[in-house]
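Same chain, two partners: subunit A is paired with subunit B first, then with subunit C.
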Partner chain A sequence: MPSSHPLRFAFYLAAVITVTLIHDPRMLLLVLAGLLLLSGTGRPALLLRAGRPVLWILLLLSSGILVMGWLTGQPVLHALLLINLRVLVLALLTAWMLRDVDLDLALARLPRVRRWLVIVRGQIQLFRRLAQDYRCAQKSRTVVAPTMHQRYLGSAAIGLAALDKGVHNAEMVTQAMRSRGALHD
Partner chain B sequence: MTEPVPLLELEQVAVAYPNGRTALEGVDLAIHPGERVVLLGTNGCGKSTLLRILDGLIPPTRGAFRFAGRRVDQHTLQDRGWQRDFRQRVVLMFQHPESMLFNPTVRDEIGFGLRHLPESERAARILHWADVLRLQDFLDAPPFELSGGEKQRLCLACLLAVEPEVLLLDEPTANLDPRTVGWLLEWLRERSITSVVATHQMALVPQLGERIVILSNDHGIVFDSRSAGGPPDHDLLVANGLAYG
Partner chain C sequence: MHIPDGLISPQTYLPALVVAVPLWWWAARGFARQVGDEALPRLAVFTALAFVLSSLMLPLPGGTSGHAVGVGLLALVFGPWVAFLTYTLVLMLQALVMGAGGITALPVNALAVGFIGAWTAYLLFHFLRPVHAHFAVLAAVFVSILFSALLVALVLGLQPLIAQGPDGSPRFFPFGWSVTLPAILLPHLFIGAAEAALTLLVWRHARRRCWIPSACGREA
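Here is the complex of A and B:
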């Protein structure tokens, strides 16, 4: 793997583009093996970190492909392998990038991009806090355990509130950036 | 004798949001250099919207906003030269400090508005304002890791470091500790800087400014101590949700 952070980040971007251009499952399997080989120590943890967030999506997609294959009578093995391997490789690449690339150093020569990165990080932290607050408030206000229907309604309300807050935050951040002269350099 | 040109002037300004909700209606306001205006009103009456118009961020739906006698419209707002000059002269502190912080470190954040200065002067100003607002220990920390009060102090440092002519502050004391509130009040009092401060903290009003403007729930100006010749009476404050009684 490249030693400097800007090079590592460039490698990540190039690898993501390349992976989307590979349509042979055997090649993707080779790439996956190569990535695991190069990812150094902490390989199982990295694989777990990459696999966990995409596991349900892959199961859902695979089920859909299997059902389609069963309904149409078409062979699905190629599609099944392609989608699973591609998503896994992309997830592994991203997990590696998050583990081994210091984005502040990688983007040191691109102050504008770095600013956007700071905003994204700030917003992630804000939403994390929001989710935590919601969880705590829910716990604090729950006298009787909610039904599945109530849980569903509650989750939908939280989702909408988060979306609304996201749109509002984006507008505020843009206005603040304009106010401080960041948009007319 | 002719009346001097106001620094900030709103003439019959109305703002309506795309959902049809009115934020401001028929607002006339002229602010002269050195005036210290305190903007009062209940939640949702349009204080923040008014400050955003004065900062050239939202164009009025109707009416006109003029800065130093020049009308500020879509055309002006696209003029980069004008923008640069305006953004150096007028600054706005947002109600929520998170919105304003977008640089990797506290040092970069304070130095953001000073990029036009020589490096030595820039560094000196950063250190000065970090020292004044007790941020010297966080200079290399990411701003979003600071506490609410520290973020608000950082926002103040960013804006004051620019040495603006007009300071627009939206609830500036909301997260600040008493020590920083005291410092801010003293700082504002000692300078002849033009300021418009929106607040709910009635106890601080006399120290925040001499001129009091009240926005009503109908989104218009219901009281201006400049034309009224004195402070608002208790009944008016009660009627506009600014006092209980």
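Here is the complex of A and C:
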């Protein structure tokens, strides 16, 4: 793995495109093994992180392929291995990139993209914290489990309150930074 | 609804990239003009909201769930070009931060969900607005979700036709339109209805707060 983060990110992008050009399951298995070998310590956690977002998609696709093969009587092993391995290799590459690439450093040459990524990531974190705060506040004041109707109403109230707070917070931060001369680009 | 990496062929994502790049460029060119300084923090919050909506599971009848998109809301509040650009950022964040969606699938997702979804919602809303504003929001978002879902289903169903091995076996997504159209469109009838209601809730709130320039009679 190269030490420079932009280089690591470029390597990731090139690897992702290359993997979509490989159509041999044995080659993809080799790539998977190579990636696991090169990814260093924490391989099981990395594999788990890669597998979790694609698990249901792969299960759904695989069962569909198996049913299709059963109905048509055609061999499906090649297609089954090819799709599962390709999606898993791509997910592993992404998980590895997420673990070992600092996106802020990787996108240093694209300041506008980086700025938006940082702003939006900050807002997402704020939303999550607000949602968690409100959820905890609601739970601590409710003794019986809410009905579905109450949950929908509660979620709507929490969402709108979080939106107000998010906008207020973003405007406050922007004004504070601008008044200190930080946003004059 | 967006497509993950590994299911669509280079024959699909490369032409999609060729179409998407000039559209991103055009959207970025007019970005500063369309979004004033005052609206920038608000746009960041709404982009984050679209991201949260995309990762928020809505309970559906029968115990299933699906995720909302949020691009209709962005289009109604900030306009279709801004919505397209910011939704691309949402997709990028999902791919690079969460590991959901994907880099190769980004242009297809951005075009099908971000571009078509945003423009459908925007145009339909302005067409139906004279009838009834709330109905226009509901219909615009519902139809835009279904339209994006239809495109995603068409792109996925196209894969076995354009990317086959020498023996005819599929190299990418293996099922044709007979499977993808009902499998993707039917759940999106429920998702679209839920997202339309959610968008109406936030849109009314945004209008009350004067966050929508056209609804307040002043530039944001």
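Convention: the second predicted complex is superposed on the first by the 118 of 185 C-alpha atoms of A that agree within 3 Å, B and C clash if a C-alpha of one lies under 4 Å from a C-alpha of the other, contacts with A are read in each partner's own complex, and residues count from 1 in each chain.
Simple rule for what comes next: a residue touches a chain if its C-beta (ideal position, glycine included) is under 8 Å from a C-beta of that chain, and two chains touch if they have at least 3 such contacts.
From a predicted model like this one, the values you see are computed outputs, not experimental measurements.
In the superposition on chain A, A:Asp104 contacts subunit B only, with no contact to subunit C.
Contacts of A:Leu29 after superposition on the shared chain: neither subunit B nor subunit C is touched. Contacts of A:Arg121 after superposition: both subunit B and subunit C are touched. Of the two partner chains placed around the shared chain by superposition, subunit B is the only one that A:Arg180 touches, whereas subunit C remains out of contact. A simple residue count on subunit A separates subunit B from subunit C, and the partner touching more is C. Legend: residue contacts after superposition of the two complexes on their common chain; A:Ile57 is shown touching subunit C, with no touch to subunit B.
Of the two partner chains, neither subunit B nor subunit C is touched by A:Ile158. In the superposition on the C-alpha atoms of chain A, the part of subunit A touched by subunit B in one complex and by subunit C in the other spans residues 116-117, 119, 121-122, 126, 173. Contact residues of subunit B toward subunit A in the complex are 52, 55, 57, 80, 83-84, 87-88, 91-92, 94, 96, 98-104, 112-113, 142-144, 158. Within the complex formed with subunit B, the subunit A residues making contact are 104, 114-119, 121-122, 125-126, 169, 172-173, 175-182, 184.
In the complex of the two chains, the subunit A residues touching subunit C come out as 13, 16-17, 19-21, 23, 49-50, 53-54, 57, 61, 64-65, 68, 76, 78-79, 82-83, 86-87, 89-91, 94-95, 97-98, 103, 116-117, 119-124, 126-128, 131, 148, 156, 159-160, 163-164, 166-167, 170-171, 173-174.
Residues of subunit C that touch subunit A in their complex: 4-7, 9-10, 13, 40-42, 44-45, 47-49, 51-52, 59, 89-90, 92-93, 95-100, 102-104, 165, 167, 169-175, 179, 201-202, 205, 209, 211.
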